[in-house]
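Presented sequentially are two complexes of chain A, the first with chain B as partner and the second with chain C.
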Partner chain A sequence: MDSIWFKLLGVVVSFIVAFAVGMTYMGLNRKITARVQNRKGPPFYQNFIDAIKLGSKTTAIHHGVMQHFGPAFLMVSSVMSLMIIPILNNGMWFSNLNFHGDLIFLLYIMVFGPLGMALGAGQTGNPNSAIGVTRGLSQMVGFEIPWVMALVALMIQFHTTSIVDLINIQVESGTWLIFSSPFAFVAAVLAMLGMFRYSPFDIVGAPTELASGPMSENGGKYLFTMMSSASVFAFAKLTLYVDLFLGGASNLIELLIKTFVIYMIPVLYGVVSPRYRTEQSIRYFWGWPAFFGLLAILYAVFF
Partner chain B sequence: METIFLIFILFLGGAIVTWMAGKLGNIVQDILFLATIIVPSYLFYANVATGYAVDFNVGGIELSWGINAFGWLFSLIVLGLGAVVSFYSVSFMKGKERRGFFYFNFILSVMSMLGILMSQDLVSFFIFWEIMTWSSYLMVVYNGNDVQRIGIKYFVFSAIGAYAMLMAIVVIKSITGSFMIENFISAYPSFSFDMQILIPILLLTGFGVKAAIMPLHVWAPGAYSNAPMAYTSIFSGSLSKMGIYGMVIVFTTMLSYVPEGIWFREVIAWLGGFTAVFGTLWAIKQDDAKKLLAYSSVAQLGYIIVGVSIGTPLAMMAGLFLAVMHAVFKGTLFMVVGAIERQTGTSNFTEVTGLIRKMPWTFVAALISIIALAGIPPLGGFVGKWMLYESLITSDHYLLVIVIFFSSTAAFLYCYKFLFGFFLGQEEEEWAHVKEAPALMVVPMMILAGLSFLLGTYPGIVLKPISEGMQVLGYGLTQGELWDTSIILNGWGNQVVLQPILYAIIGIFVFFMVFVTLKGFKSTRYVTTKDISSSGEVPLAHENLTFSQNFFQPFLRAVEPAMRRQIDKYYNAIANGLESLFEFTRRIYTGNGQTYAIYVIVFVVILLIFKDSIFG
Partner chain C sequence: MINDKNSQKIVDFIQNWARKHSIWVLAYGTGCGAIEIPPTMTSRYDAERLGVRGAATPRQADVLLITGYLTTKTLKRVIRVYEQMQDPKYVIGFGSCTINGGMYYDSYNTIKVLDKYLPVDVYINGCMPRPEAVLSGFAKLQELIGQGKANGAQKYKDNLEWYRENQKKIIPNWVMPEYNW
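Right, the complex of A and B next:
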């Protein structure tokens, strides 16, 4: 059972699951946004069609070696996050690299991709890409603060930095962390709004202004890789939230329900929000979300 | 003869001979310079055992030179980085003026740093410390730019540190009657309370200046960016670590004997945290690569100070590991800037851009070092950062960990600015002629970049000497508890296993690399950076699409309130105040003989008038 091939199979299966679920969620997002805006919207499987179309295209031009690296870097980050985050809480299936990294490692591997992608975007020479990157990195400094505060609160409350341990604590005590450390959940969810880069925090790739920002100049397989990386990453992040605050999931159906509920928060908040400027969004994250993060730390220290 | 004496004689003699050898031709001078760095270093590692010391007597003062495991750890930084950078320097200084002067000061700096590590008594410690300050000062003013402003600032702060240290040494001598560091440390717990507080403050001021801790850091950005880049590599990489070396000794010996030590630790740790945050914010603002790296050095030293001042085994390990890593990656980055400055004549992001295709090897070295600096796995910086966070969380410094995290996330911004500003973005006609730096410059950079990579997966290579050094300082055995060759653990038993992570990262990267470029790489053709999508219009050759001005303006707008106050302004206010005080004294001491004659007469008259009441 411990052979390398079995592990590889686990990685491939979890990748396919993450890809399919992430793509479907994003399609649903498009549908929901359309219905809110009183449009009919594309079918929920539209993203699969787009992906197949992009994947089967050939590319005619490139801007240099870093542009090839960009999508691959992005994928490293997404797949590594997926491998570190436990997908199911029974520890039997999809355990991948769960025991080889902890939350701090996860925090850093999650920024690996955007930075690598930023380098790829930089070499294309499109000023829109670089502007998008500077905005994205600035916004990241914004939302990482409440996010880290929430994670630190969990770590000091339960004296562990391992995600597996945090799940086990929830399974054993029967209480989800959303109830035992509510402020951390609030801070983490507010930070998640920035992490998903939906409205009002979508200035990074602002389609009407920056021509998709970092993504411009990429088409065909490059865009396909980025798109699938985004959906895998979205699934990984949602699973992380379920693991941390909703007690994990013992089977895939439960996981789907829980992740969908979590996913609806940024989606529904996004469809009714206009767009923040970069400095506004940074200050937003250092306002109430950081305050809740601080409360979470105080709560963890004193209770 | 004792090998230890031979080492210093070789350094000193070599420095003078190298300086003089300029007349014999450049190649002779280069070879002499390299030999003067390499031969004593070899002698040191081959013949000087840790724990061995020679005692001797000069003018009635007992002196003692030797090395312990902790000093040996820092000697790796000093001599290792010194040897690598010396090869780079030979190429860097080619065709420049006053090579002899540069080589002389370079050798003296390396010698004095080794001397500091080997000093077992306070007198030779202080003398070597001053040689280090002087040689680095001469390097700061080597270019002759801004000597008034930058040189004086460095000198004034070094003087403040040196006087503080000298005062501490005099106090120690008057209490214990001995200059031996060992005697002083063993006598320290019996000192009076005032002295127990005063001596660490004076010593920490002295060391804090070199380690550029806030508020003593203001000299650093100017001095680092004004010295020749080949020297700044060791200036920032190893010379600043001497401050850390001293601080660690103060923390682990004196301050761990007295109950007040905990307050020193907390205050210095928070100062380190603020140094990290403000260093990072100012680095983001800079448009000049030298200034950016200088501020970044200040920030990185902040992390190291946080680690060593918290002082739990994990934190100390994190601080020392970061110290080694900082020497490796910041040494490389300063060399990268030196190479770019040599090839293009400028180090300003707003001027030079798009060098990736012209200087690919320099780019690779810069990329790896920047990833290490940012602390992204699987490179060496991550290991240090991870240990630092875990040590802060496990030792109940919850707010400090947020401060540090903010600073290291914000560091991504200047990391990207560095890479984008020099290497990526639009390729301009102006820089079409630029060639890759000579091999002698590229190879040292690649060696250090490779080291960053290696230490990310096998940190045990450096953690072993670190843990041996820590045992000298009184820490227990940490191998197996907190680290192994490629595993790092925190106090709670959580771990990061680095080897499978490296394999996984490489595996995923290669897979998708092949997937993206398979069939694509050959059939696609390279197009210039002018051939981009811009709403259907075709940008013409003369149209400027370079993005380098106000690079992080939105971010800087958000943090603007924090950057409104500058410590520099306060120092300037103090300097202006002092200046007006001196102006006032000049009105009394006019330098005019007649005025002094009047003073004498007035004095005599006063004496005469009040002679009855004074003399009775």
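Right, the complex of A and C next:
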């Protein structure tokens, strides 16, 4: 059960699961948005149809090498994040390639994709891409602060930097971390609003304002790569939140329920919110989310 | 786009089915017709339930929607936009102005017949076409894509000289590359 082939098989299977679940969640997001706006909305599998269509389009755009690498970097970052996040907590299936200290590694690898995409978007020479990249990196400076604070608070409180150890602590004590370190959860969830880039934080790829920002020169297969990478990354992030705060999941059904509940927070916050400007977004993240992050660290140090 | 090889037929069927149900529209709001697009997209008529949604840039779009008359000045921009789109791509001529000039039939600075300058796959007539008519136009385009008959882009490539000749008659100062991929 511990051989490397078994783990690699688990990685492949979890990638397929992440792709399917992420795409379905994003389709459900479109459906829920439509229902809130009193529309019928597309079917929940609309994103799969879009993916097939985008994959079958020809691409005859060349702006330079980095432009072709940008979406690939995004995909690599998503898959690497997924690989070190344990999907299920029974330690046998889908525990993936995690190791001690993977929480710190995750902090680095999660910003690798957007940075690669920024390089790729920069080479297209499209002014909308350049503005989108500056906005995206500014926003990242915003939400990374409460996110890092929340994770550091967990590390201080439980003296570990391993995701599996955090899951095991929750399983053994029977208390989820959402109860034993609530301030860290609040800070992390508020940071997640920015990570998902749904409105009101969709300042990076705003279609009516920036012509979809960094991806404005990418069509067809590039867009397909970005779309699948976004779905895999969404699933990885949701699973990470479930692992860290909701005690992990012992089977796939439980995981789907828990991730869907977490996913509804940015979605439902987004459908009723208009778009922020860049400085409003950064001010938001450096306000209450950072305050809760600080509170979480103080809580972890003194209690 | 129906391929002749038997092995390709199943692939083409799946691809055409996906293209049919996922139409990303670049609405080029040239004329008054652009006002009919918001009701088509929003809650009353909701084109998204048919898979029709807006695209932000020509690179991502499948359908170029020419909503209304085209002046000689905007024709140049429309040609650039059309040639930046990626295959397979379609054009919908929207309103009477794109068919025969409509109420601008004797205007000195609008083009009368869009089909001489860009390969139009589907026309929606009316002045203005109501959102029902727009949706029926999209349904017609879906039918054509499903049968593999919406190959205006191929027609454009095959007869590029003829189209260029017509376009250059309208645009005297042609400072563009010969084909803007």
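What to note about this one:
Throughout what follows, the second predicted complex is superposed on the first by the 294 of 303 C-alpha atoms of A that agree within 3 Å, B and C clash if a C-alpha of one lies under 4 Å from a C-alpha of the other, contacts with A are read in each partner's own complex, and residues count from 1 in each chain.
Note that in this section a residue touches a chain if its C-beta (ideal position, glycine included) is under 8 Å from a C-beta of that chain, and two chains touch if they have at least 3 such contacts.
Computed from a predicted model, the values in this text were never measured in an experiment.
Residue contacts after overlaying the shared chain place A:41 against chain C, while chain B stays out of touching range. By the document's definition of touching, of the two partners only chain C reaches A:49; chain B does not. In the superposition on chain A, A:111 makes contact with chain B only, while chain C stays out of contact range. Using the contact criterion defined above for the overlaid structures, shared-chain residue A:29 touches neither chain B nor chain C, since it reaches no partner. By the touch criterion defined above, A:61 lies against chain B and chain C together after alignment on the C-alpha atoms of chain A.
Applying the stated contact rule after C-alpha superposition, one finds that A:218 touches chain C and leaves chain B untouched. With both complexes placed on chain A, chain A has more residues touched by B than by the other of chain B and chain C. When the two structures are aligned on the shared chain, A:72 is found in touch with chain B, with no touch to chain C.
Touch criterion met: A:130 reaches chain B, while chain C stays clear of it.
Counting contacts as defined above, chain A residues 58-61, 128, 211, 216-217, 220 meet chain B in one complex and chain C in the other. Against chain C, the residues of chain A that register as touching in their complex are 30, 34, 37-43, 46, 49-50, 52-53, 56-61, 128, 207-208, 211-212, 215-220, 223. Residues of chain A that touch chain B in their complex: 58-64, 66, 68-69, 71-73, 75-76, 79-80, 83, 97, 99-102, 104-105, 108-109, 111-112, 115, 118-119, 122-128, 130-131, 133-135, 137-138, 140-142, 144-145, 148-149, 152, 155-156, 159-162, 165, 211, 216-217, 220-222, 225, 277-279, 282-283, 286, 293, 297, 301.
Taken together, the chain C residues at the contact with chain A in this complex read 14-15, 18-19, 21-22, 42-43, 46, 48-49, 51, 53-54, 56-57, 59-62, 85-88, 181.
Chain contact summary for the complex, chain B toward chain A: residues 354, 356-357, 367, 371, 374-377, 382, 385-386, 389-390, 393, 396, 398-399, 401-402, 405-406, 409-410, 412-413, 415-416, 419-420, 423-427, 490, 492, 494-497, 500-501, 504-505, 508-509, 512-513, 515-517, 519-521, 523-535, 545-547, 551-552, 554-555, 557-559.
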